[in-house]
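Some structures are shown below for you to check.
Next, two complexes with chain A in common: one pairs it with chain B, the other with chain C.
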Partner chain A sequence: MGYQLSREQFDRFLDRLQDDYRVFGPALDSDKGAFSDTDRITYKNIRRLDDLELNRKSYFSPKEIFFPIRETLFRFCEGEPTVPQIDDKKIAILLRPCDSNAIDRLDAIFLENGPFEDFYYKRRRENVRFFLIECATGFDSCWCVSMNANTTKRWDVAFRFGEDEILVDVKSEEFLPYLDDCPQKPFEIRFIYENTKKVRVPEVGEVTLDHFAHELWNEYTARCIACGRCNTSCPTCSCFTVLDAPLGAEKKMGERWRAWAGCHIDGFTDMAGGHTFRQSRGERMRFKTMHKINDYRKRFGKHQCVGCGRCDDVCPQYISFARCINTLSDCIEEGKRK
Partner chain B sequence: MSINTKKVIKNAYRISKVRGQTALRIRVPGGHIETRFFALIDEIASRFGNGTAHITTRQGLELPGIDFERIPEINKMIRPLLESLGLDREITDDGYPSAGTRNICACIGNRVCTFANDDTTAMARELERAVYPNDLHFKIAVSGCPNDCIKAALNDFGILCTVEPVYDASRCIACSACVETCAKAVTGALSLRDFSVLRNRELCIGCGECIRKCPTGATRRSPEKSYRLVIMGRTGRKNPRMAETFLKWADRESIVKIIQNGYAFAQRHIDRSLEKEHVGYIVDRTGFATFKDEVLQDVRLGEKVIVAKHIQWGGYRYTSDAGFR
Partner chain C sequence: MINPFLPSKMKILDIIPETEIDQTFVLAGRKPVKPGQFFQLSVPGAGEAPVSVSDFEDDKLFVTIRKVGRLTNALFALAPGDYIFARGPYGNGFDYRDYVDSDLKVIAGGTGLAPVKKVIKHFIANKSIASLEVLLGFKTPQDILYRREVRAWVDAGLATLTVDKAGPDWSGNTGLITGYLKNLDLSNLENCKFIVVGPPIMIKFITIELLLLQVPEENIWVSLERKMSCGLGKCGHCKIGETYVCLEGPAFRFARARRLLD
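Coming up: the complex of A and B.
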C-alpha cells in the first residue's frame, strides 16, 4: 500500500509508533567524532523527521541495535545462572538496502550456521522491523552493486525522503494502522544499479592456496595499524569474544558477557598456551578478505561483504578494502595469463 | 640622524646592527595568516626592504633592510594587517601600537591536526584581542594538545588544550587499545579491570589519545573543552626553565581572565628601575602565593578545576654551571 506523507504527517506517524516501537535511524552526533570539533553519523533513537541525517553515511552500522557491542549473557551466583531480561518492544530500523542485506548475512551466521540458533541474537532479531530508505544514488565510497547487495526484498516499510514529501510503501500489514488517515498514492521504491566505485570479485574456485601466500598481503602488514575500525564499522562482522567478570569479595558471583571482536585487532587469534595464528596484519587482511568475499560465499552462496564501504570510510590509514579485492582479482587474472 | 629608538621599538620596528636600517615586525597571531597579505608583504619587502622576510621564532614575520625614514609610509600600508587582528580599538595609519607583548604563538591546531583538542588559531586570536596592545614583555602560546609542539612550556603563559574522555562501558569491547597507548605513549592513566576501562583522573593529562584510538566510540569527547595552563617557562641568560602547571581542566573564560590578571599583577609588582623585567622574574620575587592570589581574583573556576598548591620551578642557572668545575 502506497502513501504520500507531508513532513508533519511523517512526524505524526513516528509519534504514533512510539508506544509500540523504538525507531532507530542515522542521526547526527555533533562534536562526537574522534577528532575535536568533528561530528559523526550514528544510529540513534528517531522521534522526528528532523532527527534523521540522510545525506551522509553512518559511521557505524545499525547492527549494534540488535547485536549489542557488549552484552550480558547470564549472571551467576553459586552456580545459579539467570539470563537477563531484554526490552521486548519492537524495533524499527531505518536503513539502506546494503544494511538490509547485511542483516541477512548476520542472520545466516547466527541462525543458519550449524544446528543451533543463537538464542541471544534471535530474541532481539525477532523484534526488528525494516524501514527501508530508498537509496538510488549511493555515496562515493559504496560498491553495493558489485556485491549484489544493491537491491532487497527484505523490508516492512519503504520510504523515499523528498524535500517536502515522503513517499511510503507498506509491505507489512502491522504498520497499516499507523498510516490509516494518510493520503494514499502508489509508490514503488527504486534501487541503485551502478556505483562510481566498482569492485571485481573473484569467482569461487578461482582463489587458490597460492593466493594465500601471495605477496600482495605484505602491503597491509606495512600499512595496517590493527586499530579494528574496519571490523567495528562493518555491518556484517559477527565475531565476538566471551568474557567472565567476577563479582563480590569471594568472586562467587559474576557475569558472562560477550563483546564484539575483530580479526584485525591484536589478541583475536590468541590461543591458550600463547600461540597466535595471525601475527602479521597482512595475514589478518587476507583472512578478512577471504571471509568477506570467498569463504562465506562458499558456505552460504552469497557474499558476506555488502559493499557499504564503511571500512574504506573509517580506515585511518586510508586502506581501501575495495582496492584490496580488485588487487586480488588482478593477481588471479595475472596467474591465468601465465 | 635623530631616531627615538624607544618609540620606534614600541612601533614594532627593530634597532638593527646596520646603522640607519630597521626591520618591521609583523604580528601573526597563532602563526596563521591569510595568504592575501603575501602580496602586501612582498611589496613592502621589495620596495623598502631587501626583498626578504624572516619567519621569526614566535611565528611572526620580520622584514629587514628598511630605512628608518620609510616608517610612516610603511605604517600606512600595513593598516590592513592591523585591521585583520580584529582588535576592539580604532586602527590608525600609525602602525603597531605596541610590541612588548610578543606575538601569540600556536600550533596548527584542530583546523588540520588530528591530535589537537581545539582551534588554537582562534584561541590565539582571542587572546590577542584580550591582551594586545600592551608594553609588558609577555610571551603566550597555545598548543592544541599536551604534545606541546609549539613549546608552550617555554612561555610565560602556555595553554595546552585538553579533553576529558567520557567512557561508556556498554560500547567497550575491551580491546585495550586505549590502555596500551596511554601506557606506552602517555602517563599510564588507564587500566583494564574486569574488561572495563578505569581512568586515574590525577594521571590523565587530557590528551585525547584514548578517544582517537577507540574503535567503537566507547571513549568519546566531553562536551566541554578544557585547558591546562602552564606558567613562567622561559629561556634567557639567567635561569632558563620549563613552565610548571598552574591549572588543570580549566575553562576558556577563566584562562583568558587569569592572563589578563597576570598583566595587572605585573604592572603592580614590576621593578621599574630595570629596562624591562620579565613576568617570570617578578613571580620569582613576589613568590607563587602572591601571584596565585592576585591572578585568581574574580575568576570563577569551575568545580572540575585543579589548582597547583605550590610550584617549585627548576631549570638551570648559568651562575652555577657545576659541570665545568
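Coming up: the complex of A and C.
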C-alpha cells in the first residue's frame, strides 16, 4: 500500500509508533568525528524527521541495536545461571538496502550455522522490523552493486525521502493502522544499479594457494595498525569473545558476557600456551578478505560483504578494501594470462 | 527456545593428580560423547574454555586439565564434591568406524594423549581393527600422563614411550618422538591408518615424515587446536577458510587439514 506524507504527517507517524516500537535511524553525533569539530553519523533513537541524517552514510551499521557491543549472557547467583530479561518492545530500523542484506548475512551465522540457533541474537532479532531508505545515488565509497547487495526484498516499510514529501510503501500489514488517515499514493521503491566505485570479485575456485602466498598482502603488514575499526564498522562482522567477570568477595557470583571481537585485532587467535595464528597484519587482511568474498560464499552461497564501504570510510590508514579485492582480482587475471 | 550458551552443573567425583600441572577430573554425568569431542567447561567468574573428554564410562566423564591460566587455576582450586559448569559435547570427535580392519598407529605428544586415550582403550578392548601400535612422547619423565595405563601399554608391547629430556633415573627411550617413527611396523603400509595429536609443531613434523614414507594423506587424522569462544559455530574464533574447527573438527583427515590455510 502506497502513501504520500508531508513532513508533519511523517512526524505523526513516528509519534504513533512510539508506544509499540523503538525507532532507530542514522543521526548526527555532533563533534564525535575522528577529527576535531567534525561530526559522526551513528544509529540513534528517532522521534522526528529532523532527527534523521540522510545525506551522509552512517559510520556504524545498525547491527549493535540487536547484537550489542557487549551483552550479559547470564549471571551466576548462588551457583545458578540466570538469563537477564530484555526489553521486548519491537524495534523498527531505518536502513539502506546494503544493511538490509547485511542483516541476512548475520542471520546465516547466528541462526543457521552450527546445530543451534543463537538464543541471544534470535530474541532481539525477532523484534526487528525493516524500514528501508531508498538510495537515490548512493555515496562515493559504496560498491553494493558489485556484491549483488543493491536490491532487497527484506523490508516491512520502504521510504523515499524527498525535500517536502515522503513516499511510503507498506509491505507489512502491521504498520497500516499507523498510517490509516494518510493520503494514499501508489509508490514503488527503486534500487540503484550502478555505483561510482566498482569492485571485481573473483569467482569461487579462482582463488588458489598462489594467491594466499602472493606478495600483495605484505603491503598491509606495513600499513594496517590492527585497530579493528574495519571490523566494528562492518555490518556483517559477527565475531565475539566470551568472558567472565567475578562479582562479590565470595567469588560465588559472576557474570558471563560476550563482546564484539575482530580478526584484525591482536589476540583474536591467541591460545593458552602463547600459540597464535596470523601474527602479521597482512595475514589478517587476507583472512578478512577471504572471509568476506570467498569462504562465506562457499558455505552459504552468497557474499558476506555487501559493499557498504564503511571499512574504507573508517580506516585511519586509508586502506581500501575495495582496492584490495580489485588487486586480488588483478593478480588472478594476471595468473590466467601467464 | 533452547539457550545453547547455558551450562549445566556437573559434580566432581574425584581428582586424580597426573603431573605437577595436570589433573584428571572425574565428573558425574552420562552424556553421549565420542573421543576427541570437547566440552566447554567453566567456573563462574573465572571463565570458560574448551577441554577434550579423555575418557568416559557408565556415569562418569574424565577430563585432563593443565593448569595454565585463569580458568584452569580456578578449576585446580576445586575439590571432589564441588561442581563445575559444562556444556557440550561439541565437535566431531574420532569415529571408530574409520579404522575398522586397519593397522592403527596412534601418535600422541604431551597432552595430545588426552583426546585419544579413549580411542586407544577402545581398540585394546574391541578387536575391530587388525592391529594397534601407540607412539607416545613427553617432554620429561615428570610430564607423563596416565602413568599406570601407559606403563601397562608399554609392558604389553603395544606402546613405545619416549621423553625429550631425561634425568639420571630414567632408563627408557629418550629423544624426540619423530625419531621413533621407525619403530612402528609399517610393513603393510596400505593398511595403516594414523592418528596424530599433540602440539602444532609436533603434528607438523610427524605428518611431513609420514608423507615422505608415502602414507596417503587420507589415512592420517590430526586434531587441531584453535581459540574457541563458543563451540557452536558463532563466535568465529576457530574459523579457517570456510571451515569451523569447533563444528567440522577438531579431528580432521590430514587431506583436509593441510588445505586449511589461515
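Rule of thumb we're sticking to: the second predicted complex is superposed on the first by the 337 of 338 C-alpha atoms of A that agree within 3 Å, B and C clash if a C-alpha of one lies under 4 Å from a C-alpha of the other, contacts with A are read in each partner's own complex, and residues count from 1 in each chain.
The definition used in the following text is that contacts are C-beta pairs under 8 Å (C-beta built on N, C-alpha and C of every residue); 3 or more make two chains touch, one makes a residue touch a chain.
Quick caveat, the model's predicted, so the values are computed rather than measured.
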When the two structures are laid over each other on chain A, do chain B and chain C clash or fit? fit
Between chain B and chain C, which makes contact with more of the residues in chain A? C
Could you look at A:26 and tell me whether it touches chain B, chain C, both or neither (first, second, both, neither)? neither
Between chain B (first) and chain C (second), which, if any, makes contact with A:296: first, second, both or neither? second
Chain B versus chain C as contact partner of A:113, first or second or both or neither: second
By the touch definition at the top of the document, which applies to A:76: first (chain B), second (chain C), both, or neither? second
Which of chain B and chain C A:260 touches, first, second, both or neither: first
On the A-aligned overlay, A:246 touches which partner chain: chain B = first, chain C = second, or both, or neither? both
Quick check on the superposed pair: does A:229 touch chain B, chain C, both, or neither? Answer first, second, both or neither. first
Considering only the touch criterion stated at the top, classify A:60 as touching first (chain B), second (chain C), both, or neither. first
Once superposed, minimum distance in angstrom between C-alpha atoms of chain B and those of chain C? 10
Is there a shared patch on chain A that both chain B and chain C touch, and which residues make it up? 241, 243, 245-246, 261
In their shared complex, chain A is touched by residues of chain C numbered 1-7, 9, 42, 44-49, 68-69, 72, 83, 85, 199-200, 225-227, 229-230, 232-237, 239, 241-242, 244, 246-247, 261-262
Mind listing the chain A positions that touch chain C in their complex? 73-74, 76, 79, 81, 83, 109-110, 113-120, 122-123, 209, 212, 238-247, 251-256, 258, 261, 263, 268-273, 275, 277-278, 283, 287, 290-291, 294-296, 298-299
For a test of understanding, state which residues of chain A touch chain B in their complex under the given definition. 31-37, 40, 42, 59-60, 68-70, 227-229, 231-232, 241, 243, 245-246, 257, 259-262, 265-267
Which residues of chain B touch chain A in the complex? 110, 114, 116-119, 161, 163, 169-177, 194-195, 208, 211-218, 220-221, 223, 225
